[in-house]
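Order of writing sets the chain letters: A, B and C. Residues in each chain are counted from 1.
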Amino acid sequence: MHHGRIEVRTSGKVETVEVTDQISEEIRRSKVREGLCTVSVLHTTAGVFVNENADPDVQRDLLGALERMVPSDARYAHAEGNSPGHIKAVLTGSSVTLAVRAGALELGRWQGVYLAEFDGPRIRSASITCIGEVEG
Amino acid sequence: MHHGRIEVRTSGKVETVEVTDQISEEIRRSKVREGLCTVSVLHTTAGVFVNENADPDVQRDLLGALERMVPSDARYAHAEGNSPGHIKAVLTGSSVTLAVRAGALELGRWQGVYLAEFDGPRIRSASITCIGEVEG
Amino acid sequence: MHHGRIEVRTSGKVETVEVTDQISEEIRRSKVREGLCTVSVLHTTAGVFVNENADPDVQRDLLGALERMVPSDARYAHAEGNSPGHIKAVLTGSSVTLAVRAGALELGRWQGVYLAEFDGPRIRSASITCIGEVEG
């Protein structure tokens, strides 16, 4: 059992930031060899998801599609003006749980873990929990 | 290890109901101090997600955006007529896993856990599983 | 603690394949009686989600709605041409965590676990992790 925290400083209104290395570092610290790792963002206009980390155009297309699905210029009731950010956060999800195998995050060949900023720029925090068999 | 169940009686066709307190009560019962808590809704036209619980307009905007993305009046094959409910449930997700720290659900300042009703009113159940280190 | 792997051979460009039985078989092998089971797809144009497995029209309507939300013929930057697959994978999610109770996956009456193929046909793998109390 290990609890950690990662921080990301985002630089745009809407962007994705790969956090795979930061999570891997927390898993190393946890000494968990076989188990689960949960990553939860602690904000309501940011998300966490897993997808391709090879071609940055994939992230660009994802953000473009979310903007078409949840247009900034639609009518929203929430007075702060960041409703699209809240809605995109629900669509991408705020937490992922992944396997830890042989002391490392188990991901497919092209997968990376991303924090999605939908109302930046800000400093964002995510909670990391590693649970399972610890090296002995 | 603790398994619990929460119930929610919804009152509208489509609405969100905050269940943070009910989950917190299950965590207290579990006596888990440090670990994970998984919440899974046991239905196919309801979802579970984490988002802002301060301004109710955020929930209203979320439901409005989902209705625009999955219109009730589009053409669907499923004869029961509740396909939009199934689709919205997939978009929001049916389960969330969050950290338990110092015996409490770890959430950000503005976060709450919500059950989303997409084909109500009904009585909805969610399964709660708490795993980790128990107070000694 | 048990790590397993399931494989699915998809036959269409876009389809969903129920994997509930394959996951249940992994849980049996794990001998976990009470705990959690995480299923993570190891690809970036495939998803995992829980929804109705009674009427196949529900799956058809879901895929139709995703196509309307993320049209194949919109303009995308990613040169491989499968951006809609990546985006749909983020919308459905790449991982689910569910309760294991009395040695079986805890699901509602109408729920099944699905692998969603968004750029097939291909052979797809998902990682299964079961954690908790083992039968003694």
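Everything that follows uses one rule, which is that contacts are C-beta pairs under 8 Å (C-beta built on N, C-alpha and C of every residue); 3 or more make two chains touch, one makes a residue touch a chain.
On a predicted model such as this, the values are computed, not experimentally measured, just so you know.
*Asks:* For the homomeric pair chain A and chain C, should the interface be classed as same or different, according to whether the shared residue numbers exceed half of all numbers used?
*Replies:* The interface of chain A with chain C is built from mostly unshared positions.
*Asks:* Give me the superposition rotation angle from chain A to chain B, based on Cα atoms, as a multiple of 5 degrees.
*Replies:* 120
*Asks:* Round to the nearest whole Å and give the separation of the Cα centres of chain A and chain C.
*Replies:* Inter-chain centre distance comes to 19 Å.
*Asks:* So which bits of chain C are touching at least two other chains?
*Replies:* 36, 69, 91, 93, 97, 131 - these are the residues of chain C that touch more than one other chain.
*Asks:* If you look only at chain C, which of its residues touch chain B in the complex?
*Replies:* 34-36, 49-52, 55, 57-58, 60-62, 64-65, 68-69, 91-93, 96-99, 101, 106-111, 131-133
*Asks:* Name, in rising order, each residue of chain A that touches chain B in their complex.
*Replies:* 1, 3, 36, 38, 40-44, 69-70, 74, 76-80, 83-84, 86-87, 89-91, 93-95, 97, 125, 127, 129, 131
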